[in-house]
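Consider the two complexes below, in which subunit A is the common component and subunit B and subunit C are the respective partners.
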Partner chain A sequence: MNARSAAATHSNTPVVSMRHVGKVFPGVIANDDITLDIRPGRVHCLLGENGAGKSTLISILAGMQQPDTGWIEIDGQKVNISSPRSAMDYGIGVVYQHSTLISTMTVLENLMLGVTGGAFLNRESARSRLTEISAMLGVEIDPDAEAADLALGQQQQVEIAKAMWKGSRVLILDEPTSMLAPQAIADLDASVERLTKDGIAVIFITHKLREAYSMGDEVSVLRRGRLIASIDAETLEGLSEEKFTNAVLAAMFGDDISAIGDRNDVELLSGAKVATKVRTKSSRSDEKLVLHLADVTTPSTPTEFGVSNVSLKLRAGEVIGVAGIDGHGQSALAEVVAGQVRATSGSVFLDGDDVTKLGVRARQELGLRYVTDDRLHEGIVTDLSVALNLLLKQIGKLPYWKRGQISKPDVDAEATRLVEAFEIRTPSIHARAGALSGGNIQKLLLARELSHQPTVVVFNKPTYGLDLKTVNRVRKIVKDFAEQGGAVLLISTDLDELVELSDRVAIISRGRLVGEVENNSPDTARQVGEFMVGSAHSEGNHV
Partner chain B sequence: MIDIFTTTFIATFIAGVIASAIPLVLGSLGETLGEQSGVLNLGIEGMMLFGAYFGFVTTLETNSYFLGLLAGIAAGFVMSILMVMLNIWLGLNQIVIGLALTMIGGGITSVLYFSTYGQTTPRLGQPDVFPIPVLSDLPVVGSSIFQQPLAFWIALVLAFVVSVVLRNTNFGLRVRAAGQNPNSLDAAGGNVVRTRTFVALLGGAFAGFGGAYLALMSAGTFTPFMTSGIGYIAIVVTMLSRGRILWVIASSFVYGISVSVGTVLQLTSFDLPTDVIKMLPFVAVMITLIVFARSSYVPPALGVPYTRGAR
Partner chain C sequence: MSNPISDATGMIPLPSDGQSKLSKVMETLVRTILPVVLALLTSVVVLIVIGKDPWFFYSEVFRYGVMGNGWQQTIRLMAPLLLYSAGLIVVFRGKLWNLGYDAQYLLGSVVVAGFSPMLIEVMPLWAAFTVSLIMGTAAGAAWTLLPAALKARYGTNEIITTLMMSFIGIGISNMLVRGPFQNPDIHVPQTRVLPVADMFPQIPGTRIHIGIIISVVVVLIIHLLLTRTSFGLRLDVFGSSPKTALHVGINSPQMILILFILSGALIGLAASVDMLGYQGNLRANINPGYGAAVLPFVFLGRLNILTTIPFVAFYCILDTGGRLASLDSGLDTHFLMIVIALILVFMSVIEYFGVKKDLGQSYLPPGLRRAVTGLFDRGARA
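Then we have the complex of A and B:
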């Protein structure tokens, strides 16, 4: 079991208790009668799928939302956490899933943001407070680095320092590991351990079972807004990893478990097991070269890196994964391949032909497709029907358009076929596309992009924010496509996903490809992580 | 043909540059504060006109330039209360409200002016100068730079203060955070609405001051729509300066120079139509934009009302 049994030395009285907490949003019961105790010196893991209600629960504790029913007690006293400020005053510090650092400011400025009192910024006292907290976390943080220049793991350390700035007693970490490299996860683990030794209560939200097992002292499982299972410290200590996995999986998915996939899929998806790629072919160097980027550069924007001097070769039947911190040129890479952004220098070749100057439509005709990560805005036209969205890229083409007019029977027939083939759940093919759930919108996009003979598909974060059943389905679609000889450029921030699907993983940092790892050993994730951390360290400070 | 290189002429030229630049500096300071916090004040033109008109009326009635400037500041401030309520508290569209305020400002001041002073078109006298000892006796710069009214020096001090506030105070940090990422400020326990409210009110006061300066110090009178786009130019100056106050001052003076060059051209023998000459400052702005627009940068949260928990 884990090393944190030392927690027993701290008082067993809960520092925070949630009592019958409920929260309803229009159409969704986000939290339903949740009662939880958070004890000092322990790591309390909250497990659950996307949409299970974990984030709502946290935002209630953080003062961002007010519960509709129930209440919160701190040290046994009923309290009203009316704002993030009052949460802070009660000693609750939160590290959100999405960074709240201001990227154009320095680390020190970010940390001083929560400070009140005194008109002028007191940089010296902030520096010494940072030194204190760094020692407490066992990390080193450069106070003068700009937040944008930090690697993800370092950004998170700053976020934790920020949450602990005013001496919090409860630290909430919302999915802190979802995009971290393995090394950074180990650092985080060490910091959490130091904090709990000091008697800090940690609430750790995750959807990965193996992390809950290794890091948690207590585990609670949420499903559809309800607290389904709680495992206290004593019980958890007596459970083997396998028994723990069984118990938690049953709680997380209930009867839905068989609908998600087979047992192996479920364990992979829930992060109980580490993914490894089963390689079907040993070498692809004899396959046809379908996509070739030669020294491509695109312009940067103030908020996102463009790509600079990127070269890449993608062969038929191959999946190249692209790993990296969000915003480091991934979108530019996808868009320069898709034709949405013009390269300022370098060339893009498709099947050996130079397509650098061709637009989106012309590249589509040549078999290139792009599944965007901005599903709702860029992916679909929300006010058009599902059927029209499915055939959006066939506008003007026979047989769906005849003499400049929509041929309804042909459109409807093809749409019906696609809806069935990709199991898109929609009330009708004439329903508004914007009314579909996120998972079904993604399936709609896949149906559209993967029909009509694609040869190369760029996927940008294809499973981000989806429920596990759809995640599994999407990954299968990617695998099948590659299996049938399609070439895939897979951009993702989920390392597990990259390792499961890719033949090679390229690492992008500040718009450059800084390394490439053959995915042929269980060591891939660590090697990728080394590139991610290493490149940020070496390039981080002199820009 | 006038010899444009006499000392008197150069001194007049410099004074002209200052007279055109300072209202723009003041307006841009207010706009910078607002934009840094994420509030786009398109109503600044209207606020400057309000400041100009009420400053003019007050000085005309009381003969006090000090009271006139105060009245101008108050007028801009009052108008920004309206903006704060509609934009920040109620979260309405900042562009629509801003344009409405600009039209209201221009409309109300014109109507009031025509109905009250339309027949008499009164003018104010010269404001008292505040000569800087020793320096004011220098040739050329003495009479042009160091014999300015006190308000000129106040404007420069304010520019320095705004710069220090933005860079070195807790409040300035909160202002920048509100414009960069209001969620971060909220999560850090700051109050986005209060921060933006405060800054927007300050911005209105600055715009009112700028308008009053234009009427009292630069023009010596009020004419309808006398700001002739300075408010919009302030928005451009703000976007190009990105919160750097030295840039605000420098680009305002570039504008001032282009206005004064126009006057010079009218006096020399170049046979240019006055319409072309009046276009010069705007041509200068356009050229500046074409050259520098790529480096202009607005805070990501600019113009976006903040609602907690909304994504």
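Then we have the complex of A and C:
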């Protein structure tokens, strides 16, 4: 279908074949009778919603899980990929969604971590191997740069080098593009193209249709653990983008498609269209200033940056998006606003009052809410009921608790109201919260944080890992909240989401806000991308 | 691709409804009763192997522990043990491990044993009881303060600090018995003996002192506090995840202090009740070891005070009856501790299988499983 027709020059014999692969987790069929061929020199796109079973399929190929049924063939031979190590020995390399680089180590040190055999580190041979791989990828990687100094696109190239370190035949890229700016996606595209020309098979996992169309040679669609549709290279070549979108959307969602939203929503959510700002009403600069961070610094941990000298002004009805590579101070930013982390210097003002010394509960009472990204371990108590989780932040308060005793009718009535208002699908308000699906847990958190008069809400990766229907719903909730005069700090690793919802996008890098882009032109994603590339060594401009 | 289990929560559930209510009840029964049954069966085997008659032994246990006046002895023993269990449950529910219980108990005992003979001389009996109970309770609570403060302020591992404080506390209580509280009339290191007339009165018609009433009332109040109040719910949130507690806005340092103090206080109260109701004096180097005895049972009772009560009753029968039964059978009284240890062992084993079952994992440990499946794989790969 595209320049990558060079694929045809390679043999058509599959390098990896999955045969009737099935995997069941307690209560869930993750993979059901999946048969799939991966051919050398091709980019095989794996499409599907969150929870469709893509990750499980990949973890089976990567040797992290064993299939319950079915088997895998490599070069026509039945094999047992019993561990990540044996996957590597078979030439299967994986680049995960989350960075696996250690930010305080250099590129070379990171690459040598995975090398075993021989008690001594051999820097010189590592250096020449890196040069080799860099040449294959068509990129330049500074072996002595610290991992944290690299832009996301460069980090990903290092991850690819790491995956191919032992000589890869199959490269798996797990949703590599969600935070990449258009330029970086183009670079990745170019690297992938070079690899396929060398006969390497690439499995590209995404939920963005436009990338699948532009980058894929073959496309497979998963839904509810089953392989619903496969589009081979010849067919794909003959399809227009519109027909492709229609076919894939029908396969991905079947009859559920109307439940997700209207056609425009679906195309935006599935990445068939380029994201544009969806909010019509924007806040004016004369609105009341509700949240003000003045030169705030928090301690860093060995694995995550704190924030340093962050200043930020958020007005009523405004959405400020925060873009950046995961782990660059986003959580610290959210937590210092929420009061879960104390600022070592600087001040936090809420409605003009200094709240730096106030704790979490006091700030909640002033209308500040935090929708955490760690939904399962921080957001809810899995063993408590849905009702109690909905009122977790009201414990001991009237009218739900009277003289220290729970008032069951009041709690149940409020829980029932919230379950209905936010369409939380639960067998009952007394069911264990941990038994809910990821999407419903997020709806529970939103219901809790957006009730009882919030004025400022920090959303940390609010749609991460959710099914598209819930993603749509969550984005609408954020949008509605802002339109009703709420102030929103939206932290996200999905650039499309930031472009859709924000008035301004601030870029965070190494704990500093390094730039800010006014979201009023179709060019926002590219501009944000420029800050992310150039951010590594620049000084922190305050927003 | 993080953890497949948490990823799985977003996926499509199987058609079946999962567990029925009945099978859940069954599972709870299996997990709580089975360890006790297996431990008793194993002890029967042990008895046979060492040439004793298990039937005789256990019928003697029953005879001395329940029949005749045995049940009164059993209930007398339950008074401190129920309070003790409540003291452990309170902190354990917060996933804080107060292992300094021995010192907290002994310091409570020594303070009551040392001061109550003097108090009785200067004030009415009811006032002396009240002051003694308060002093014993305070002594137990005081001994948790340092570990609690370290945990709350610096996150210091409380297992280590409470254990270390336990050694110090046991030493201090022995010093007190040999020093200021030494009975001047005798040379054996022990405190003055409380006259029976100046101890807790007995419930009319029985030989059970009123300590059991104090114990039951206090334990029920604690149970209500843990299960019915906003404090109990906060404690559960704190116990299930400190991260959630911070997110919700629970004052964790305060919670840590409260839980430790409450725990130490209940253990100190247990010691005071036993001292005023039954022991009457304290000898040096004596440690009743109640903590180690009730420890498995608070876990078998799932850290719920009401479900722990039958287990404590079971232990008290075993203890009261077992001491005499051991003598009759010519066994060492430590045989009982073997039974307790066996309960712990079987509890761990059954919990392991239960957790594996919940996670849907193989019952075999990974290494063993690889070794077993590896035999077949080798054939497949070749």
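FYI, the second predicted complex is superposed on the first by the 518 of 543 C-alpha atoms of A that agree within 3 Å, B and C clash if a C-alpha of one lies under 4 Å from a C-alpha of the other, contacts with A are read in each partner's own complex, and residues count from 1 in each chain.
In this section, contacts are C-beta pairs under 8 Å (C-beta built on N, C-alpha and C of every residue); 3 or more make two chains touch, one makes a residue touch a chain.
Note that this is a predicted model, so its numbers are computed, not measured.
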Touched partner set for A:Ala190, first subunit B, second subunit C, both or neither: neither
First, second, both or neither for A:Met112, with subunit B first and subunit C second: first
Partner chain(s) touched by A:Ala135 [first = subunit B, second = subunit C, both, neither]: neither
Which partner, subunit B or subunit C, touches more subunit A residues: C
Which superposed partner A:Lys162 touches (first subunit B, second subunit C, both, neither): first
A:Leu384 touches, of subunit B and subunit C: first, second, both or neither? second
Touching partner for A:Thr100 - first (subunit B), second (subunit C), both, neither: first
Touched partner set for A:Ala431, first subunit B, second subunit C, both or neither: neither
Which of subunit B and subunit C A:Gly396 touches, first, second, both or neither: second
Subunit B versus subunit C as contact partner of A:Ala421, first or second or both or neither: neither
Common interface residues of subunit A - those touching subunit B in one complex and subunit C in the other: 59, 62, 64-65, 96
Residue ranges of subunit B in contact with subunit A within the complex: 168-174, 176-177, 180-181, 183-191, 297, 300, 308-309
Subunit B-facing residues of subunit A, complex: 59, 62, 64-65, 83-85, 88, 94, 96, 100-105, 109-110, 112-121, 162, 302-303
For the subunit A and subunit C complex, residues of the former touching the latter: 24-30, 50-51, 53, 55-56, 58-59, 62, 64-65, 78-80, 82, 96-98, 174, 224-225, 338-340, 359-361, 364, 370, 372, 374, 376-384, 388, 392-393, 395-396, 401, 404-406, 436-439, 441, 465-467
Subunit A partner contacts - residues on subunit C that touch it in the complex: 1-2, 4-14, 18, 228-231, 233-234, 236-237, 240-241, 243-244, 246-249, 251, 358-360, 370, 377, 380-381
